[in-house]
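Next up: some structures, all given as structure tokens.
In the two complexes that follow, chain A is the common piece, with chain B as its partner first and chain C second.
Right, the complex of A and B next:
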């Protein structure tokens, strides 16, 4: 899994993000280095406010880093013009934390999916073919396109909306998927389905996944490499087994202790 | 959409405001169809004719069928109407001088006053301290009062075109009546005429129409500028935001009304059309819309749905138009309504100062106020020349503010009671 011969898709070198100036200066991401190889799943684990989402947005190119460089497929990332951004976003896509605020409430589900087809150059395809593509994407996430057409995203449940997000990714087939706490806002049953679909994307489409979560148990379950983030820094990182079975850093140990275990007494004193 | 409309029309404040505004709009549309006169046509020779039904006197005397009605108190009413307040005061003055106690004289009670007068008045009596001229005045007053009581017919005479002599053509008894419906020329002036002799109601309706148009154009210009600047500066950010906010802050500290006065003055009376004024009002009042829109956009631009739209490869233009604008549309509609009403007020303010549209073409509510003020309608107690105008301005702005508050309650559930 952790094979150095594999192509490095995305790497972050000394990435730092600072919000505000003077007294309100906040270092959200502090000198982060990250290598992402083709086909692997990495997890970034940390508590709220540790800078996970900011890092994800920097990797996605939604906000600019204050310092440092991002390399994409071995070259320095260029996302200055709209065209360059479009090109970059053909390769990297995201699933956001809150499905209820992820969609424009004025756009129908059809247009959300059509946007994806258009982005992959399918603007001139015949209508029947577009419908076939959308139907396929919906059936991948166990949704029925016939029932969704002409509906608005807010008419769906949270789990359904998150699945719609995955259907987007399925249509776009990016090389890298950034999943920013995709399961934290939905119930436990839907969570397993969503995770299963993400794994399916990796296995069937060969997608590389950056999985961001506060749940270290979940990270262990899905990822090859785990990075532990505290106050904007990576305090520990490496293969999932190493980090989670043999944690070195106190923060990692604390995070591990915070995971409730069935059949074991939960020591709340350290929480 | 239908749900939103239903919610809006469930808000009492909005509905009241909406119906007032709809009534004003309907009046403005329907009235000119019923009374197609040009609003600035001068119909009265003289200033400030009071409100009422104007029956053509010539037509009423000649050519209209005449009826004889014997009505009990017709005589009393006639005398009461003809005996002016000045005459009554003069009668009281003589009676007091002749020794009648002042407390016994009630100048409001016409019959009692006349009875006392005829019982006491003696043309030969020389009261101490009264000049000859004064005595003659009272004798003439007595004569005219006698005339009032006369029940003789009035003779109507016309010149004979052949002999040039005046010949009696008709007589008019005190009991003669005409039916107003049969008089060919009757003009109802519900609000009388103004200082130029123009029908105030017709003028008012036309002025309301023009003022609404001015408000609409001003509101449209202001909202458009404010919206575009707010969207661009809020979404793009960076130095673009800095430049736009610098300009906006400049306009914020300069009172817009002073700016409006200066621009209006420099354009010159001859070049000031109603729509030029409207545009100028719009150009000076976009500031608060721009600031408000900007802050709304800043709170929207980092939302996930905007990020998703970016990730879907949409252009900035598309994102602003489709992902930002719909979310602030309700706010923009509210701002637009407020801008219309403040545009109407700004026009009225400018016109009162004499800096409004030039006066020869169209009336506006502000111009009507200006005319009424210059011709001192307020000092002369000619309320009909200015009060309806104030009422129209107040009703328009009231209805718009009410609609705005109603919309605010619908869009901000926290404000609901």
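Right, the complex of A and C next:
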């Protein structure tokens, strides 16, 4: 896999995360290796408790790894100080599962978006230009900026909030986006819209996306490479076509077997 | 044609907001579920599927209010019954309801068995501990759950096990109709499969006579229910046997819904997901004419003025669109090319 000449943006080497000690010692992420190339979409698939969100948080720099290293653009990642963290987060951003708790409830929507512009160094831009940028971001996600000013995030529906989250990402233009179950709290029709927008970000902005999901069908649909995670370990990984259509590992086979299908018979006898 | 267990005629229920506005979340919905059959209800969030489920029990609490229509369960008309009577003689005995977060119903400080005692005694105050235990044990064994669960506290059970426990408890009085509102959406795939298997077993053994299954996961509905009913903005827009609803939908909205199905099967990556543009209408003042018209790709001038009746095609199929079946099929066939 490493003979690919494309630039490796982010790589995790032997990353391990252990919570607690003694009796409560839990290995959440166990010796994980991961390489992420520019413009690639990878999915990390696992059941609840498999450690996929912990891994995402480590990659985001929200929690520290117990062992192993994270390399960012070829160099070892340094996020000791607040300044270093802020610099790192210019490059990597996240969308979380629960849109309802992703926003500061005291901030109005335009100030949420304004913060993003300021973070990108647009603090001194004229107001009209800022408004134009916010309008563009909102129209990217099919929201109307005029209707959103003076509203608070809780006045929007879940799907709209999730789209607003994507508008933030559109303004921030990070190099890497970590999407942690971005569609599991919204219904199937809005899901297609959200996925389309993420794909558009990849195609137009060249964004690299790490998609974290328990939905193996979703992973197959969006990603170039899929990694299957069980008890903190990657049990299988590779191009989506290989992993999902021709699974090798028993765990992957079991997961696939448990998903309801429409073209094949869904075997209920094997529970 | 076998005996209808659940019959709903032109049911309309509304929410009354604190500004005294009426919001009709279920608007003239009629449906019949025959003995041994299951019906799936699909639709976007906010289309009224959960409100329909609540309304079907005949037990209304503010802000939900009954407006018009009839509900008949196994020949017994429960419309207009006193809420207390409904609670005592209908809920749990005739109709059981499983909400999405069913597992939160368990009291963390009580063992499962004392929870069951409460449920049974609410309907039959004289039941002895021994009777209840035997009833619960038999029921749990029948549903494939270990009897040890009864003596455990909820924290000792996994999420899937909790969900199955609550389902088993909700059917402890032997209801005829089971309404399951997203019973598996908070679970991972393996637990989901166990819940589905349990529901299917209950149907197959004839323990539950009719089931309503509500979810937005279409592949799941396709595998669980006999018929699928699609709701949009409080109205029924299409009802068809599951096979036809998924592979040969008629209504443009159902067509859009089926286009958003994601399954890990070969060929998925080639077809592009078709998202339906726009958002569902605000039910405070729904659009005149067809409610889907503002988002419909095949909209015609008359769509926004004429009211659209349900069309009946074949035996078991209905849909709500002004375009006749043959013409719709022609449009879809043309689009495929």
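Just so it is clear, the second predicted complex is superposed on the first by the 265 of 271 C-alpha atoms of A that agree within 3 Å, B and C clash if a C-alpha of one lies under 4 Å from a C-alpha of the other, contacts with A are read in each partner's own complex, and residues count from 1 in each chain.
Here, a residue touches a chain if its C-beta (ideal position, glycine included) is under 8 Å from a C-beta of that chain, and two chains touch if they have at least 3 such contacts.
Every value quoted in this text rests on a predicted model; they were computed, and no experiment measured them.
Engineer: With chain A superposed, do chain B and chain C clash or fit?
Structural biologist: fit
Engineer: I'd like to know which partner A:205 touches here: chain B for first, chain C for second, both or neither.
Structural biologist: So A:205 meets neither chain B nor chain C here.
Engineer: With the two complexes superposed on chain A, say which partner A:244 touches: chain B (first), chain C (second), both, or neither.
Structural biologist: After superposition on chain A, A:244 lies in contact with chain C alone.
Engineer: Quick check for you: in the superposed arrangement, does A:31 touch first (chain B), second (chain C), both or neither?
Structural biologist: Touch status of A:31: no partner.
Engineer: Contacts for A:102 in the overlay, against chain B (first) and chain C (second): which applies, first, second, both or neither?
Structural biologist: first
Engineer: Give me the angle at the C-alpha centre of chain A between the C-alpha centres of chain B and chain C, rounded to the nearest 10 degrees.
Structural biologist: 80
Engineer: By residue count, which of the two partners contacts chain A more extensively, chain B or chain C?
Structural biologist: C
Engineer: In the superposed arrangement, does A:116 touch chain B (first), chain C (second), both or neither?
Structural biologist: The first partner, chain B, only.
Engineer: Which partner does A:195 contact after superposing on A: first (chain B), second (chain C), both, neither?
Structural biologist: Once the two structures are laid over each other on A, A:195 reaches chain C alone.
Engineer: Answer with first, second, both or neither: which of chain B and chain C does A:221 touch in the superposed model?
Structural biologist: A:221: touches chain C, not chain B.
Engineer: What is the contact status of A:159 with respect to chain B (first) and chain C (second): first, second, both, or neither?
Structural biologist: The second partner, chain C, only.
Engineer: In whole Å, how close do chain B and chain C get at the C-alpha level once superposed?
Structural biologist: The answer is 13 Å, the least C-alpha separation in the overlay.
Engineer: Going by the contact rule set out above, which residues of chain C touch chain A in the complex?
Structural biologist: Of all residues in chain C, those touching chain A are 44-46, 159, 188-190, 192-194, 196-197, 200, 216-220, 222-223, 246, 256-257, 259-269, 273-277, 279.
Engineer: Spell out the part of chain A that touches chain B in their complex, as residue ranges.
Structural biologist: Answer in residue numbers: 57, 60, 62, 82, 85-86, 89-90, 93-94, 96-98, 101-107, 112, 115-116, 118-119.
Engineer: Can you list the residues on chain B that touch chain A in the complex?
Structural biologist: The contact residues of chain B facing chain A are 303-305, 307-316, 322-323, 326-327.
Engineer: Sort out for me which residues of chain A touch chain C in the complex.
Structural biologist: 47-48, 142, 157-160, 186-193, 195-196, 214-221, 240-241, 244-245, 254-256, 258-264, 266, 268, 271
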